[in-house]
């Protein structure tokens, strides 16, 4: 474990300091996009003109309706005559759902280990540090592929894998934050008040580090989205007939020359989603930093 | 940097490698009957048993483990049943291609990311800074595979400047190296900028200013060495990202490296090959991290000295 | 039906003229270097070692067979069935129902300079290589059935023997598994080395293999069929279809494999490129796994077959560029082919009725397909899933990575490509009948009722009897539905227009001088 | 006050603008530094912070001026302003003249000369003020190389001399040490050595001993006093600790809320404080020689710099405040003895 | 053990590893606190003074039971703190509280200060219902001069340093603590506010009969607030005596130097002792003999070899110095 990274209370070593004073228009745009994306995913059943697997083999690979394609197919159709627009909506749902679940798994696991290491220190820190070294020693993509090779493909494993991506960032962050909370004194003060450690951590420390944790989650989230789509792109993530943004690009790349919209539509959505989350995360962190320090 | 620091780091690296070997060993055992995974699917049951005995899979697990570690130490990772060659050979053959791509990508990342980050920090809030930030944020959000496909469309299909895939000539290297390099350059630029800004706000930079040293000294001799410390630790991370990224970029551009071998080996359940790749990439990463630690210790006199501890 | 093949005769004619013009005169300098982009190079080049289609495309012209099929002639007149012509054997004759004697061509050289003799044939069909207890290539044994090791009669005469009356010996000799390997190279280097650096008699001589990147061959100027028209051929591994097309369009590649009809527009928009299609002697099909309760009832299986609109799939996904065959039969079967057999028509009403009769209750029918294995495989399966759902079948689609996953429990139907490896009903044996059949292994542990008994009657040289038996077999297949065909497997190449070359119904690419010519001297 | 512009030659180059009068050349009593009606506004998260409010102050050649004030009174901002070290986004009004030069109008080249040669500064956190990855000797030598054009070797030799000058134990051996290998006191000595390297005319010491232990603090303060005598340079010593200031300075300026409320000779301020705040500050400081049952306190807490007061900034805490104090900000008045005070109702003056 | 005393710290030592790693060579042990003994009586303030690294804060935390000593015992009202089980130890917190230098850090940054005081009451069940608890909170705030409801709903960062320190005191009062360890409670505060807090602490002692262990490096404050003073140097107590004695007649050369170094507004220092040269030693490189020997202007041969013990030299006065003992027994002491 890099000491710097481990001790930095806001995880600057593993993340980036960013733009101060982001143009508020950009932020507003990013937030609106995310809201729209989440709503579209959530309401895909209502919003999507078609089901994500509704096929019409007669209108395969037709361009978007605004480019002269069939009426009502805003983003055109794919190789099975499915509505790309509807599929993007549903893909958003699956991609976001999986990314969120993966993030929660990772954040939960990392946070737990971070707390254990910071509370018990000693052996627990050594265990954490060995685990972090281990994780850092295998390039994540190769680790994920190996796991898929050994255990076969399943959504469950896939989500766990996404969760394993970045857990150590949370663990380091939380360990650092808890240690600095201890250093700040209020943990010791509370201990001195005779409070049980569980009460101290759950009622006092967690709410205090929650903001930083949330920032880290937003910073990690684009990575998870890209990882999900990357694995799906390789055909190793989400499997048809389910759909995800990466999978759409993966199958759409065959048609880049003839029907670019099949890949460009989901590609743009991934890009915008990752971009918006990054921007919002940065903005959020700036806000948190801007608050009078503890 | 003390000898102790070196020894501690080396021992930690070894421990990590032992963990990796153990992990690789356990994974095969946890995933089901290892013999069935190692042999082609239609191998007759009698042959399976024959192999079970031949490979010692009927022995107690700890004996198997010791044997496995011993064979790994001898460079024996088993056979690739796809082409009947030792798995190690199949993997090592791919290393030069990945190294070429990795170094090219690293060069792009460093040549673009570092100057951009430094310039942005020094000229904070200027148009340069804003451009670098935009590049970094956008670059970090574009999926590499999508970016690669867009490059192919532009440079191979429309402009016909560059070959779309393969590794025959140097021209083949351009797009994969850009794809993997620019993505990391974005990360690096952001990180460098943050690190520089952090250093520039330190008290000792005010001292330099108050002493009237020229700004070239200020940036190059006083700020950069300090900013470099976290950047160097970042490089270990970038090596990992290059290897991870290679999986996708090599697939998109048909670059005959480890990454693509991983994908084909996983698809073909070439367990021995996958194990070899995991181990070798871990070895590479551990070496890279060890190197990073050494540079780190060399750059930062506080590390490994009598007052700087393992964990503060 | 084969309207789209209209251009082939013209191409074949051009080829004939071109080979007459350039076939002999071109010097090494004049001959072009070809770069061919393939989706995969594979991992081995031993013709009898369970080759993959991708591998056969690469080394198809490294080896020769004793007898070869004249695909060009067949394509010009499909009604003739398969046409066998001399290759390494100049003539052959039946000694009896079980024995074929062949006269070998003299003066043929292997790439390593060895002369081709009956020893090489004997080694190719030997116990140690194929038929023995611990043979190097046990998998090939299944293909040849109860063949015995070849017998050397003289230096240029050999006999091929089967254990029983076998009308298919000549056809099997034309199969890729029967390609002749060089004995000396094989035995001195060993099989493992040989399959990474093969020695044959074909026009392609192995030069270099960089794993995952390229395999290079040079022209074997001593080729017995004439001096090759190319200088070198390099196969480059380019897994992405779009990248192969891009490379062809940009001029980086001369010829590319494995394209889909969706790419045709791009290719044909470029004037100096053309698409080279062919239909393989193979059908895409769905395997039914009767051991899964949901499809244990044959009426369900029939319903599954009837609810698929094959024509819609062919017209849309394949751009109309393949054929729907009526059951497991091909024109190449010649006299055994019944053009009027009804086959599985698209009949959703009947399918619903059958389902109702079988008491289908909405249990999930799991459909599996290998990822990135068949061209358009996943696409077609998604279409079929939707069609099944349309008649009320609770179809689930799973995309898996390998065959063991595909046939792991829980599957009801699996997409496969078992087909006519040679143009005879026996070719269906490995799929449907006999103790070793895939059907037995995967879904019908006791075999398909009545099929094995009927199949035994095929072992005769009497054409009429064989025809009747075969049609009977098809009846059983239509009733029991252990599997049903979807459409002929097409394969599409694309090349520069200057390259005059014909793909065949075989996976093997043929770069012999009579099948490869260049419209003008390459730069 | 001399506003002479001298030109003199150095290193074969004619440099204009920076006069270098030696203490003997300038009559005592002349102002080395003159700050006139100087204000600084810094952008804050909740509106601008008015850190310095119309301060006028002067430092004479060779004099030690103590500036005392509680946290957030603007004393550090004032120090930074003298060296033009304020952030770009600071709004500045008024003027600072050093040796006749308008500090804020200097070109960056001349500013660098001013910072390196004429005015030196040391900071509160000596450990953090030294670059952690450069050797102590190099950091001193760098400045000598830049400003005196010395070679590396001579610069390092000069660095040893300077370290000796600041009583650094085993000076030569320290050259190759990194800051983290030194104690806080040694770091501050290094900072002082660096500050002295180009014989500055003014040394600004911003809370130089706050981070140090009391025995080390005594050493550093003694050192500063000694050096001032030896080198004849002027010192601005800034501290929150009246004791520290009292022991070292000739003159004391008391700051409250960005303003100087009282300025006079040290004895005058300590013995006869005129401003109620100064009085309170003295009374509230516990003294080792004085025991009282309870300490006299100033009620309330330090005024915020973000709110602009209408009247006197100290009024809310002042026990002698009257109605006028709330309405009208007091002006600076200079007494006959040269003391400056900003209060409507100074102590010890009958109304 | 003095039964009259509230807290008795007996022969307490505490060592730390200088650095620790998975495979690190055996870490050097640094004795941060070495054989420290003292006691605090009821309503008494004992000051613990020393420079950074003298081990005074560690001693304070051990005295409070927050840190286990390597050896030695701490008794609170005759109960051995480190023999208490988890629940009993937690219960003992009611009696002993701590006030930190950084009062902001001692309070949960995200909880209104009133709620933080109330939480203590509810955890210990110190006041019946919610309204009773609230009354106690208001009462406690009143006591520390933060009357008026507006304060209790504020977050710690919305208060000034002095106000936060008052909150910390109020919380200790609400718990009815009997002993408060004040670790540099006023050194981060401005002079004017510092005086307020010092006064408040003294007033609370009068009203509630509190005992303080007052840790500080600022002898000026110590003189003001404490009854007795213990001077620490490199982990050991070198002198302990009543405040008046220490300041009037310091025995130990270090105490003398410490007093001499205190800046004062009086220009002529009446008790000006020698100014101390040298630096604080690295506690890890402690050698034999007197720890202060290297910096001591009166150092003799014996100081280099024999570590002086803390011995009684007068009424309630102990010094650990070869010279001071001799001087004292020779009559009068120096000064």
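Letters A, B, C, D and E name the chains as they come in the text, with residue numbers starting at 1 for each one.
What we mean here is this: a residue touches a chain if its C-beta (ideal position, glycine included) is under 8 Å from a C-beta of that chain, and two chains touch if they have at least 3 such contacts.
The model shown is predicted, which means the values in this text are computed figures rather than measured ones.
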{"item": "Path length in steps (a step moves to a chain that is touched) from chain A to chain C", "value": "1"}
{"item": "Co-neighbours of chain D and chain C - touch as defined", "value": "B"}
{"item": "Leader among chain pairs (count of C-beta contacts)", "value": "A-B"}
{"item": "Chain A-chain B separation of Cα centroids, rounded to whole Å", "value": "21"}
{"item": "For chain A paired with chain D, centre-to-centre distance based on mean C-alpha positions, whole Å", "value": "51"}
{"item": "Chain centre separation in whole Å, for chain E relative to chain D (CA means)", "value": "34"}
{"item": "Distance from the mean Cα position of chain E to that of chain A, given in whole angstrom", "value": "49"}
{"item": "Chain A residues counted as touching two or more neighbouring chains", "value": "130, 235, 253, 256-257"}
{"item": "Residues of chain B engaged with two or more neighbouring chains", "value": "12, 15, 149, 152-153, 157, 229, 251, 266-267, 269, 308, 310-311"}
{"item": "Residues of chain D touching at least two other chains", "value": "none"}
{"item": "Chain A to chain B touching residues, read off their complex", "value": "1-7, 12-13, 16-21, 125, 130, 133-134, 136-143, 145-151, 222, 226, 229-230, 233-236, 246, 249-250, 253, 256-257, 260, 263, 267, 270-272, 274-275, 278-279, 282"}
{"item": "Complex interface listing, chain A residues touching chain E", "value": "126, 129-130, 183-186, 188-196, 199, 204, 207-208, 292-294"}
{"item": "Of all residues in chain C, those that touch chain A in their complex", "value": "240-242, 245-246, 260, 262-263, 265-266, 312-313, 315-317, 371-372, 378-379, 382-383, 385-386, 397-401, 405"}
{"item": "Residues on chain B engaged by chain D in the complex (per definition of touch)", "value": "202-204, 206-214, 217, 221-222, 225-226, 229, 299-302, 305, 307-308"}
{"item": "Footprint of chain E on chain D - complex, ascending", "value": "70-71, 169, 183, 185-186, 213-219, 221-222, 240-244, 246-247, 266-267, 270, 280-282, 284-289, 291-292, 294-299, 301-302, 317"}
